[in-house]
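Listed next: structures, encoded as structure tokens.
What follows is chain A paired twice: with chain B in the first complex and chain C in the second.
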Partner chain A sequence: MSLLTETARVLLNGLQTGAIYVLLAMGLSIILGTLKFVNFAHGALYLLGLYAGILISQSTDFSQGQLAEYGLGTLGLDWGFLAALLLVPFIVFVLGIAMERFVARPFYDRPDTDQILFTFGLAIVVQQVVRILFGGNSVNFTQPGWASGAVALPLVGGFPQWRLWVIGITTLLVAIVYALIEFTDFGLVVRAGTQDAEMVQLLGIRITRPYIAVFGIGAALAGVAGVVGGPLSVVNPTVGTDILVPAFITVVIGGLGSVRGAVVGGLLLGITESFLIQWSLVIPSLGIDYGFAPWSQVGIYAIAAIILLVRPQGLFGSEVDVS
Partner chain B sequence: MSLLTLEDIDAYYGESHILRDLSMAVEDGEVCALLGRNGAGKTTTLRSIVGAKPPTVRNGTITFDGTGVTGRDSEDVSMGGISLVPEERRIFSDLTVAENLHLADVARNRSNTIGRSVSVERSGMSTEEVFDFFPRLEERDSQKAGTLSGGEQQMLAIGRALKQNTQLLMLDEPYEGLAPQIIEAVENAIERISDSGTTLLLVEQNAVAAIGIADRCYVIDQGEIVFEGEAEELREDDETRERYLGV
Partner chain C sequence: MYAERRGCIHVSDESANPADTTETATTVDTADAADTTETEADGGETLGGASGASTVASLQARWESARDRELTVIGLTIVGVSLFPYLFARAPVVSDLLQGYQELASLMLVWGIFAIGFDILLGRTGLLSFGHAALWGTGAYAAGWASANITTFPLLLVAIGVTTAVVLSVVLGWLSLRRGGIYFAILTLAFAQMIYYMASAPLSFITGGDNGLTGVEIGSLLGVFDLGTELPSVAGTLLGTWRYAFIGAFLVVSVAAIYRILNSPYGIVFRAIRENEQRAEFVGFNVWRYKLAAFVLSGTFAGLAGALFTIHGEYVPLSSLYWQTSGEVVIMTVLGGVGSLLGPLFGAGIYLWVEYIVSGGYPFDWIAPYWLLVLGSVFVTVVVLFPEGIWGLIGDLRTRVATRLEER
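Now for the complex of A and B:
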């Protein structure tokens, strides 16, 4: 394989990994930017989307969970992947609205630390409930039949088709969210609210309404991330908390409240990770053959550290008054 | 009956008692000035009227146009006809001039008003009327508001308020930080707004500027009203002016 082919391949893989971060970070970032709510339970929404997706699309052996004791060892509607892809966003949207009402709202006026402690606790509770019901072992989320296998791409050669779909679906959703934020009255209120929520209210706008929608949309995006990312990763109850860290780093790199920032930040992380996983330093004359894969997680923190040193407000964030 | 009445207001920031038993009234069609030194309680008074929190109003009643508005949410008070041009203007600097103005229209969208007891029948100026009023804003239409000069930002903040359903326009230190010739332009705009029949409540540290434009004045000191009367009376009353306003 030539260097060019290899590079194109790694880039595409990076775009796919990054796409999942983008889906998570968009919602997280808008919620943080508008409602100033630090939601460590955002990963739990991803987890719930993932398990809802599995339960809708296929029939799965959950024999290690408590449900098996009630004769529910094998669960699932087996409606196919497309049904999951269409239904899960609605389910998680509703969960997001409920989360805004019962989890976020009582904590809006409380310090960030209270929000973090409470939502992180909630994330662990959700994770443990999933573990109790469905078992802690990894299960397999089957790729949709219509998108499995590889397609031949120019330059790259054979590439797993589903990864391309993930990139495509994410692109579509980013375009929708961007249009919603930039070109609608709803988006105008959200952008104004990010800057000065009280002034928006002084203009007569009941800002809680768009904010509820923001929470729901952010949650739905996390749910979609679970469904499209599930077939490409390990599926077990801890994935929600595992993915939270890169999602937050994406937000911090990109800048709070910025859709553009979430996209650039997510792709930057995904591509960095992908390159570090694939690349190794080989100098045959010195007998060096060192793979960077173990450093892939370190890489994303290093990127975050460098960007924050140079631009503390993130790539696309505006400087905010932290008082 | 007065358009706006404050009766025996006690307002607090946390546990600190800011407004003490404050009563004042603004008559329909007049220009009323609330004067006082920095920290006297002027902005707190305006925030209490529009229902912004903090402060918390613990005692007293605020009546606007015959309806009690004490403790109501600021978005409802605003829809009821009170517009505020706040201190430091608070325009949305990342939005364009047109977007800043359009936000006042968004308040009348069905998605915002449905299920609320607010009226959308009366509306303020259209964007075109605001542009007639401040032609400079039309030139800067698609520019980010943050790139405007101080005077233009003040025009934008006033224009935004005029687009609301405004019966009472409250201006918090509208001349602060502006160059003398800009102050004149803003003064001129305020006079034209008043001539069009809108009631004004002007909050100022700069007593000389305010006395020149106001019909009646209140002077506030340490959260209490210490003077009430015609602007002419305050102009003559050297002792009050020197003691509470330093001029």
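Now for the complex of A and C:
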């Protein structure tokens, strides 16, 4: 493989891995930035989106869960992947709104520590409920028929088609969220609220409703991440808590509250990861042939550490904003 | 931050108080009828005459003055540690009720040390770390690796584990404390995960990767007492094995050390930082350095507990570095009661009891798969309703009983 081909492949794989991080981090980041609410249960929303997607798109054998004891071992609507992709965002949006009302709102005035503790506990509860209902074993989320298989790309060669779709869907959603925040009245209120919520309220703008919407949108993005990312990874009840950590890292790298930061941070992590998986140090004269694949997960944290040492507020974070 | 917590507690106090005042306003008889059961559960002495009440009051006053003294705390810890395995694993009725066994009792103490050390950071300084698995796991791995390669003496293994954890906690603390608040939680989490992934693949030639660290070999204490054997005579009945005595001694030392630190002028600065960081800064304290000190102190106890965990289980699982472990110690501490010296100890005991006994289908068979759901729900309830944890609840109960006694 030529160097060019290899680079293109690393970039594409990195974009795809990063896309999932971007989707999660964008939601986390806007919730953190506007509502100042630390949501350790964001991974639980991803998990719920994932399982909702599986239930809508296919019929799955959940024989290890408690539902199987009630004769519901095989479960699912089998409406196809597209239905899942369209319905899940709405379902998780509603969940997000409910979460804002019943989980976040009582905790706005409590310290960060309490918010983290509460949402962390909630994440455990959600994970356990999913595990008890559907079983703790891994299930298979089938790729949509219309997007499975590989396509031939110039330079790269054969590339799994679904991965390209993931990149495409994420790009579209990023564009929509960015436009929403930057170019609409809604976005104006949200941005102003990020800077000084009290002032916005003094100007006679009801800030609660846009805030609820922000929470819903953030949740919906996590749900979409579950649906598009599910077919590419192992699916079991622990994925929600597992993916939370890289998502938080992305937010911290990009800077709290910044959509641009979430995108850049996510892609940076994704590309680092795919680069380390691909790269091996070969020096024939010394007999060295060391693959860096085992370091791929370590790498993203190392990147995070370096960025935070050099620029503690994150790439696109503002110095003042952080308390 | 702390003021708000306080606010919550006041609210709960006030909601309790009106009931009390109405009871005193009405005749004593009705009040009696309402809470005889409660006082009787506390011990029936109060039902005696006026002279009885005065002795009770004087005893109570003496107890109040002695309660928080260092000797009382340490003495009670020693008594508790000595009686606990007997009550938990061997006493006729209690152990049947609790389904306890010796090894679980030792494990509870190990996690107890971890949790009371963690509380220096969370309860006293107000910093929530989600990365203590790294310190506990590193302590455990260091002790395990040393036992296979350097020495098998338990005391030396503990020293090695603690030293490694201290060094690591200086580095982690220095990196994570660059930013406050939520950044601290996320950064500790991130660096701990980095260490987990390092142990899982690139460094698997040391750590054993997914299989965990096997080949741990623990020698006898001081070259004489095998940790697995039972203590002689009465001590054997009470404490059980040398291993328990070894761990128990470290618990007592930890409680004594933490008591000393937290009540020293140095430790009081931790509390000042929790209550108002800015004010502590203005008074002239180098807040950052105190925070680092609190982090390293809690890391020391995490490393100690980790090393004891290796000595206890003679095996180090990879999951001891995973962030679930950090979450566990957070749950234990909050459940038991943040900001209290002994609360986290109870939290650890309850967590492990649920994890090992309830998950085995006790007291009801059907409850087995729900054990973590139960713990999670209880944890959420505690965070929302009882920020002071179970220890705080006991304290509330105690003060309520005390005020009732005074009213008589």
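Everything below uses one rule, namely that the second predicted complex is superposed on the first by the 320 of 323 C-alpha atoms of A that agree within 3 Å, B and C clash if a C-alpha of one lies under 4 Å from a C-alpha of the other, contacts with A are read in each partner's own complex, and residues count from 1 in each chain.
Simple rule for what comes next: contacts are C-beta pairs under 8 Å (C-beta built on N, C-alpha and C of every residue); 3 or more make two chains touch, one makes a residue touch a chain.
This one's a predicted model, so the numbers in the text were calculated from it and none came from an experiment.
Once the two complexes are laid over each other on the shared chain, residue contacts for A:L315 go to neither chain B nor chain C. In the superposition on chain A, A:I207 makes contact with chain B only, not with chain C. Note on chain A: of its two partners chain C and chain B, the one contacting more of its residues is C. In the superposed model, A:M199 makes contact with chain B only, not with chain C.
Once the two complexes are laid over each other on the shared chain, residue contacts for A:D185 go to chain B alone; chain C is not touched. Of all residues in chain C, those touching chain A in their complex are 1, 4-5, 122, 126, 128, 130, 175, 178-183, 185-187, 189-191, 193-194, 197-198, 200-202, 204, 323-324, 327, 330-331, 334, 369-370, 372-373, 375-377, 379-380, 383-384, 387.
Partner chain C is touched in their complex by these residues of chain A: 32, 38, 66, 106, 109-114, 116-118, 120-122, 124-125, 128-129, 132, 241, 245, 248-249, 251-252, 294-295, 297-298, 301-302, 304-305, 308-309, 312, 322-323.
Per the touch definition, chain A reaches chain B in the complex via residues 185-186, 188-189, 191-192, 195-196, 198-207, 209, 318.
Remark: chain B residues 50, 52, 73-76, 78-79, 84, 86, 90, 92-95, 99, 102-104, 106-109, 111-112, 116, 118, 160, 164-165 touch chain A in the complex.
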